[in-house]
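Two complexes follow with subunit A in common, the first pairing it with subunit B and the second with subunit C.
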Partner chain A sequence: MSRFSVHIHGWLLLLPAAVLLVAFTHFPAAATLYHSFFSTPKPGRSAVYVGLDNYRAMFDDPVFWQSLANNVWFALGTIPASIGLALLMAVLVNRKLAGRGFLRLAYFTPTILPMIAVANIWLFFYTPQYGLLEQLTGLLGLPSHNWLGSRDTALACVIVVTIWKEAGFFMIFYLAALQGIAPSLAEAAAIEGASRWYFFRRVTWPLLAPTTLFVLVNAVINSFRLVDHIIVMTRGGPDNVTSLLLFYIYEVGFKFWDLAYAAALTMVLLAILAALAIGQFVFLERRVHYQ
Partner chain B sequence: MLLRRIAQGCAALAAAGAMAAATAQTEISFYYPVAVGGPITKIIDGLAADFEKENPGIKVKPIYAGTYQETIVKALTAHKAGDPPVTSVLLSTDMFTLIDEDAIVPIDSVASAAEDKAWLKSFFPAFMLNSQTGGKTWGVPFQRSTVVLYWNKELFKEAGLDPNKPPATWNEMLAYAQKLTKRDASGNATQWGIQVPSSGFPYWLFQGFTTQNGVELMNAAGDTTYFDKPEVIEALQFWVDLGRKHRVMPQGVVEWGTTPRDFFERKIAMMWTTTGNLTNVKNNAKFDFGVAMLPAGKRRGSPTGGGNFYVFKKSSPAQQQAAVRFIRWITSPERAAQWGIDTGYVAVRPDAWETPAMKKYVAGFPAAAVARDQLQYAVAELSTHENQRVTKALNDGLQAALTGAKTPAQAMQDAQREAERILKPYRR
Partner chain C sequence: MAAIALERVAKHWGATRAVDDVSFDVRAGTFTVLLGPSGCGKSTTLRLIAGLEAVSAGRVRIGGVDVTEAPPSKRSIAMVFQSYALFPHLSVAENILFGLKVRKVPAPERERRLKRVAELLGLDKLLARKPAQLSGGQQQRVALGRAIIAEHPVCLMDEPLSNLDAQLRHDMRREIRALQQQLGITMVYVTHDQTEAMSMADQVVLLREGRVEQDAAPAALYARPATAFAARFIGTPPMNLVRLADGARGAVIRGTDSPVVAPGAGEGLLLGVRPEAVLIDPAGVPAAVAAVEYLGADSIVACTVGEAPFIVRAPGKLELGAGARIGLAWPREAQHFFRAADGRRVDSTAAAAIAA
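== the complex of A and B ==
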């Protein structure tokens, strides 16, 4: 084959994936950026160029700022906890113990359930007075509390659901990575008399670093992407304390039909995600050891 | 052999195509949401099939489109893409939004014959409040509801109250609720007297309080709101006080979806919720219960709610005519009655209540007629231009007051300021 036909061959192989990516990812992103500089078209009033007006409106929009702050808390609440829990569960089911397969399945179950169904179940867990949580706290003699209905606890409640949902999924990656670690390392460490904690800290954890990076990227993206349970459980309430950025974009776009402003909000979300992803790869990749 | 078969098949197809062209069927696509329990999609498919049998020239294509919110998203997105449904059931409060998007035509411009005019006058006037503006009729009432009070007769008896006498005034409701609230030794409530849910769309239940306090939340043109009127603040104060001052209702925001369940579990003795829950309560309450009109403040009152039929602009005149014919057929007295019996919605016209089927149903289950009797006191549900945005301003304010973050006065002044900002461009 000539050099030229090798190139053609390569491009043809890339074409199907490239077409899909351009059609459903890159083109919509570029179109959203374009529309964010125009006003929302209305009948008899077509879209006009407004420059940065949509972005300026964001500065005066308290709900936007609140959603952003909520999202930061949501990310801080979900990411470390779900990763830590995933690692703990993976280490636990990686050992030889009776009923291991069952335990693995049990940990993974939340991942295969649809979020909408899960959120409806949790809605009843949090129900005041006779919900599961209330029955437990009632046994301890604690007073009844309206978990999803008060501003102090509503966000924490949806964070817990997210951790529960995500940890099992991340566990699978950690479990696969743990099983890829050669048993000879553990044997060597045992001969040298290393404690289990020392072995974990100096051998296992560094070897898991690529997995941790992958899981971290996913966890960050999910913390800005998962809003199904918000729609079912709180609809952003009470008084916007559980409104996350993507949920707010949905509200502005498909409830208020202010598509231009929604486009501008989407660009902000995209910029945040891009910055986080680049940051993770640039700064963390240096510290990750690939075999 | 094979070739000949194919040739025969092609000929048959061509013949079928020619026949279809000759009879010139009008197809009308019809989006509908499902918002209550029960086999609704089956009922709708059955109705469409019956209609087609009686009207051979028209083909109805019912498309289940999810919740009300999902249905309007689909319908408006399709409208913007140039291919909307011919007709759709959407919230009556979406009228201004649909007009502003230039998506629908007035029903009376399509149905202008004398008998059509009589048909549009045959509905309960309360339901037409949300269906007409600027002298035109834009929607036809179909699955409509109001807020009613459900009470647990057993718990009334336990508390020494007359189990057959629901509270008729605000003061009575408060006094009863105080008797019906039970606390354990450490002062925690084990049973609440009353529950008015406040998640999702608290404005709808709040309109019960404001109407009873003799005040309207908006004007008929849908371009001005009155959220900061003293009577509105007073009504909110009463609602907030039920939880925070009198402690006869759970504090904070109370979930709409689990409220019927709270009632079945005997955790609450009285609840405010939609009449659309009637069939649900009838099937699941393991005790004797009653249904009553909401109690009176200065007067009785409740908002209406639910969905109307709309006809979309970007469809051919023949399709619009066919759609109106379908809507007329499906809202005829017998079918309106049957729809009400099957779903729990209020049958939308007085003569539907005179049909034998409905009379029999009400005789066996008198609670079904309460919502109808309340209609004479009913007002239009909150509906303005940019409806969902204005409604959200009010909802946020209500939840802020109910969770104690703002005083009722502060919350309503903030909501009014936001509504003013949104609605100003529409008052030209």
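== the complex of A and C ==
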């Protein structure tokens, strides 16, 4: 085959996937960018070019800033905890123990459940008076507390739900990576007298670095992407303390029907995600050992 | 005193008897090879010595101390794995120093030992590399380095050369043997390659289906195999084993009526003769040539004696076509006899007759 036809061949193979990506990802993103420079069309008043007005309005919008801040706290609360928990569970179920298959399945179950279902389960846990949490604290003689209805605890509550949901998913990646590490490495270390913890620190953790990077990128993206449970559990309340960026975009776009402003907010979210993903790959890539 | 002693050691996994009542001693400073076909329990035996598996029965002693219950790190052993088990993310130097760092050996001492080991193994220029940047032979050396830097008296190796090509294997064989003698290490070495065993060992423990078939020096194993299995396992091509029958004046090879190979009855016995002990002699046992394979220094002649196949190794090039009729002879002392029923060696047909 000539060089030319090799290229044609390659592009043809890529075409179906590329068409889907362009139609449902790249074109909508570009269209959103375009619309963010226009006003929202209203009956009898079509969209007009407004330049950076939507972005300027965002700068003065306290709810936007609060959602962004909430989201940062949400990310900080969910990412390290879910990754740590995932690693712990993976190490646990990678050992030889009775009922290992059952335990693996149990840890993975939250991942199979739709987020809406998860949110409903936890809604019951958090319900004032007769929820599971209330009953437990009641047994201990603690005063009643409205977990989701209080400004102090609402964000923490949705963070816990997210960790519960995500850890099982990340565990699968760690489990696969752990099984890729030759058992003879642990045996060689055992002969040298290395403790379990020493082996984990010096060998397992460095060898898991590519997995950690992958999981980290996913966790970061998810922390800006998961809002189903917010819609079910708190609707951003009370007083916007659980309003995350994507939830705010949803509200602006489909409740207040301010499509242009929602487009501008979306562009900001996209920019944040792109910057984070690129940043992680560029900076962490150098410190990761690939086998 | 024995550096390592196994007393009636067994390892069972359910119905699998991987190691079954194995006993042998290894003298300090010697090179012992665990030899046997695939699946006979060599690796398992080694791992029992290392403490990587727990015994089902029996005792393991190292340096006179009962270590049956001791963890691997308390047995003063080093081990080289078949896959080398190098840490892929650590440099050669860090790989070699891994154990010393675990045991918190002071840095100057570490440096001194690393320098010595690197020089000994010719790794000086590779210390900063990662294992993936090394050739198979170099990785093998790093694994060796990690084993000898510990300066433990006992070193265990599980088929350390099986991933290397023939030439390198040959070189490494001599290197490992030289190193073992130079440092006075007690070595237990697993292989399924009998050439490796014969060329390196002071003592060979031949295993079969989890049991010791024979425990002897290489020369004794070759000269006086204790069983028909040992006889076939050592030597290339393997020893000829043919069934004997009762002849008019003594034992004869089944399917022939002369000459008599030994006095007494032949029924129920096997005669073993090494291909290199056989001479072509028209007065000998009649044989038909099936094929001749010319190897340069000698030729391998595949024949049929009676109804059994029989291999002859003759020097030089032979001009024999298939179907040619020849005679085969061998010295009396080159004959080995085994009981057909259990493969045990018997010292003469007469002795067998008395025992029977």
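Keep this in mind: the second predicted complex is superposed on the first by the 291 of 291 C-alpha atoms of A that agree within 3 Å, B and C clash if a C-alpha of one lies under 4 Å from a C-alpha of the other, contacts with A are read in each partner's own complex, and residues count from 1 in each chain.
Going forward, a contact is a pair of C-beta atoms (placed from the backbone, for glycine too) under 8 Å apart; a residue touches a chain by one contact, two chains touch by 3 or more.
All values reported here derive from a predicted model rather than from experimental measurement.
When both complexes are superposed on subunit A, subunit B and subunit C end up sitting side by side without clashing. In the superposition on chain A, contact is made by A:D239 with subunit B only, not with subunit C.
Contacts of A:I191 after superposition: subunit C is touched, whereas subunit B is not reached. In the superposed model, more residues of subunit A are touched by B than by the other of subunit B and subunit C. In the superposition on chain A, A:P206 makes contact with subunit C only, not with subunit B. Across the overlaid pair of complexes, the angle with its corner at the CA centre of subunit A and arms to subunit B and subunit C is 140°, in steps of 10. Residue contacts after overlaying the shared chain place A:A182 against subunit C, while subunit B stays out of touching range. Residue contacts after overlaying the shared chain place A:W11 against neither subunit B nor subunit C.
In the superposition on chain A, A:W65 makes contact with neither subunit B nor subunit C.
Within the superposed three-chain model, A:F281 lies out of touch with both subunit B and subunit C [touch as defined at top]. In the superposition on chain A, A:W257 contacts subunit B only, with no contact to subunit C.
Once both complexes are placed on a shared chain A, the shortest Cα to Cα gap between subunit B and subunit C comes to 53 Å. In the superposition on chain A, no residue of subunit A contacts both subunit B and subunit C. Within the complex formed with subunit C, the residues of subunit A that make contact are 182, 184-185, 187-194, 198, 202-203, 206-207, 289, 291. Per the touch definition, subunit A reaches subunit B in the complex via residues 42-44, 123-124, 127-130, 141, 143-144, 146, 148-151, 234-235, 237-240, 251, 254-258.
Contacts from subunit C toward subunit A in the complex involve residues 50, 52, 71-73, 77-79, 81, 83, 85, 87-90, 98-99, 102-103, 132, 146, 150. Those residues of subunit B whose C-beta lies close enough to touch subunit A in the complex are 69, 73, 76, 97, 100-102, 186, 188-190, 198-200, 250-255, 257-258, 261-262, 265, 267, 386, 388-389, 392, 395-396, 399-400, 402-403, 405.
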